[in-house]
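Let me begin by handing over the structure; questions about it come next.
Should a chain be cited, it is by its letter among A, B and C, assigned in written order, with residues numbered from 1 in that chain.
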């Protein structure tokens, strides 16, 4: 895409410098140290380390259960992203019609983002408990239908729903903001041409929302790969029998809880490469379909 | 009641702020207990600070052992570590290998503080000692696993408290026959109970090298012992409906199910004794007993759980003096009594236990029954297979065990295959741990 | 746009009401749990209707969690992080989108990659930086030999140190860098018609003038969205504040809240006081809702429509 640009690049340098300095100080410098451990066996209390080259990587990549964990992570990422983005888009585009009660919907749909993580865990425990509440009702009608304690697929469904839930509110905010930055004139023009509401949504609003959609999609996929250990930790702890053992949870478990810094670092590198590749693919193939101006 | 304490404390502080507190030598103490237990630790700190005017313990609580150990490592490597750290059983091997600590026996000797080390229960002391018997950290909150049972349910089927696993199975059958609707045994997979305590009590090895005490080239062997058969038994009980899975992913864990009078049995830490006392369904009558032993086996002592206090390296002598005073303070009979009566933990020294018993502490509710834990820990003098477990990567070993056991219980594989698998994966972890500390030996 | 679409309106309300119920159900359960005694909260089947203990529980949570005191610290940090993020990501995206230089994409990716490694993984070295924020620069000087050169030439040993532990700077600064915000602004800036830039240049307006007079007014809804998210994000921060703060006068509210919901392993089997924890959650959710209500006033349609 060709654009009109400002010429004075020193202004640009000044603009990006603060963020780059912070990122270097608090992210790249420490991260590079952590990643160095991937090629060593690091003693947690700092007694030194031994260089082992790619040993940590070969050990991980020759483990069939690790590949299973990659698969589980992909299922989680696709499931939670599809659910969270789809729900949020639907809600935002209808909320944007601004019918009566719009303000109530708007606040009600944004607010859940504010709830603190441990409370989310407890609430979903109430919701998904086989012996109580909603699921007790399901199990009374269809005995033994719902049993996430033994059934890995159901445990995964449970984690996906809980993971997507908070993300819906997050996505909703950005979709709503995106929809509201669409020039009113365009929609009015569409209406004058005789396009009805649903048609305007499809032909005008959705295409113009594409930049925001792309943003939300990329962020959701990245987040579901890298930031989802909390929900797994409180709900299933990776079980039953590794059915919800997503990659980042294993990293958290090995490195943060088990003090295996080298193993966790090697897994982090693999995860990063995977997510970078996925993001790259999205930028390359999906962003092409996005029209910015 | 509670509300007045901070006010009083602040008042007291205000009075002596001008004189003593300014000159007090401060040292940091980080602990991993939270909730009510964390509050009791904080009170212990306050008592210590009020007891003398030379040192001040600055106590910081974290939510969980993993978190406090992680924070302490980060701080240690940046040179900002606390002088005293509460660390859990699973972190023991890493700390011992690091050498970045001041052994408590050495420290007390250096500061001429008399502690009768022989007074500690051997089952507790051995867990925190080197292979030569030198105690490296100070035992603090200690527990062991016990069997909780519903006395009314047992009486209804006219059965005694089961002493061995055959009797236990017979009791489950009787309970089920009497009341098919009730869950007889709320089961929650726990490597600590089903594997570690079982192996110690039945005197079977969990790993080679005397459970890791004699070297780093240790291999797990629990797939070849009766521990594997025990797991098969549990699975057969679950399959026959004699036991039911009660884990938090299913809404309530085994302790909650027991407390709500849903299940007749569960196994857990003696520390739960206190919380069960505080919260249980109306009319629930319950008691604790030692974990059953395999029929025909002699009972051996169970192993200690919980955490101990480590003195970290690299602090000033003044701080160490303060820490030594603090450790001395928490070892006094009064402090121990304060600790065990406000928590579910057990006293760590024989004299404290004897004194509590003589005072009648264990003869009446709510503390009655907790002496069972001491009986279990001291059933025999600990031998090479009942001292504890000196294994690296303990957290991951337990996680692998749990994943494979879940697969077996869900019927995806057999118990034998699951145990073989978790041993194989565990051995890879132990191998890696040994390589990480290549050239070093276990103290 | 006055159209009569009764069926579609009913469908709209149904969809939105369904979404609202789905999203608010867990929150409802939190409030319900906050209004019972512990015995009622953990009983089976659980109570699905509110009880009468709400006020009592709220008071206990308030006192036990020292929430009043923590509100102030957390508010300062949240406002700091929010402002920092909104400003920093805006100017960064501006530098990337509206200038033509070869480093555009590398810089964008360098920032974006920060999303890909959670703090838990890099906790130990990050703490070292918090203990001395100049450590990275000291290391650079050491590695490049400058420290040695200066020492050899002048006898001065360069030793940079800036301790961020137990300070607002330490709480705020590491949280301010944000890939999300930069990405969001980038997406929006790319939709700005080129004619606006051309027009600004023709008027002789420099880049900063353009940023201030044109871009920021146009970005109002996106700024409001980002600010809302970032305030809540900072408000609920847990791990970083826990690590860098041991002086309780800087303690943040999410850390205090987690103490009300202790981990099972850390309590010796004590049943967490869910009712108090949930009451604490209800209190802690308060300021974010105020921010949401306040910010949503900027979610107004049609601002870009003024370019006639």
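To be clear about the criterion, a residue touches a chain if its C-beta (ideal position, glycine included) is under 8 Å from a C-beta of that chain, and two chains touch if they have at least 3 such contacts.
What you are looking at is a predicted structure, and each value in this text was computed from that prediction instead of being measured.
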{"item": "Label of the chain whose CA centroid is most distant from the centroid of subunit A", "value": "B"}
{"item": "Chain-chain pair with the highest tally of contacting C-beta pairs", "value": "A-C"}
{"item": "Whole-Å gap separating subunit A and subunit B, where each centre is the average of the chain's CA atoms", "value": "37"}
{"item": "Interchain centroid distance [CA atoms averaged], subunit A/subunit C, Å", "value": "15"}
{"item": "In subunit A, residues with contacts to at least two other chains", "value": "129, 131-132, 256"}
{"item": "In subunit B, residues with contacts to at least two other chains", "value": "70, 73, 77, 248, 251-252"}
{"item": "Per-residue overlap in subunit C, given as positions that touch at least 2 other chains", "value": "44, 123-124, 126, 128, 258"}
{"item": "Residue ranges of subunit C touching subunit A (in the complex, touch as defined)", "value": "1, 3, 5, 8-9, 12-13, 15-16, 19-20, 22-27, 29-30, 33, 44-46, 48, 88-89, 91-92, 94-101, 107, 110-118, 120-126, 128-129, 133, 135-137, 139, 173-174, 176-177, 180, 182-184, 187-188, 190-194, 197-198, 201, 206-208, 210, 218, 221-222, 224-225, 228-229, 232, 235-236, 238, 254, 257-258, 261, 274, 277-278, 281, 284-285, 288-289, 292-293, 296, 299-305"}
{"item": "Subunit A-touching residues of subunit B, taken from the complex the two chains share", "value": "66, 69-70, 73, 76-77, 91, 94-95, 97-100, 245, 247-252, 393-396, 399, 402-404, 406-407, 409-410, 412, 425, 428-429, 432, 435-438, 440"}
{"item": "List of subunit C residues in touch with subunit B within their complex", "value": "38-39, 42-44, 63, 123-124, 126-128, 130-132, 165, 242-243, 246, 258-259, 262-273"}
{"item": "Residues on subunit B engaged by subunit C in the complex (per definition of touch)", "value": "3, 28, 32-38, 58, 60-65, 67, 70-71, 73-75, 77-80, 141, 143, 248, 251-253, 255-256, 259-260, 262, 268-269, 271-272, 274-276, 278-279, 306, 343-345"}
{"item": "Interfacial residue positions of subunit A with respect to subunit B in the complex", "value": "41-47, 49-50, 52, 59, 65, 125, 128-132, 147-152, 155, 235-242, 245, 253-254, 256-260, 262-263"}
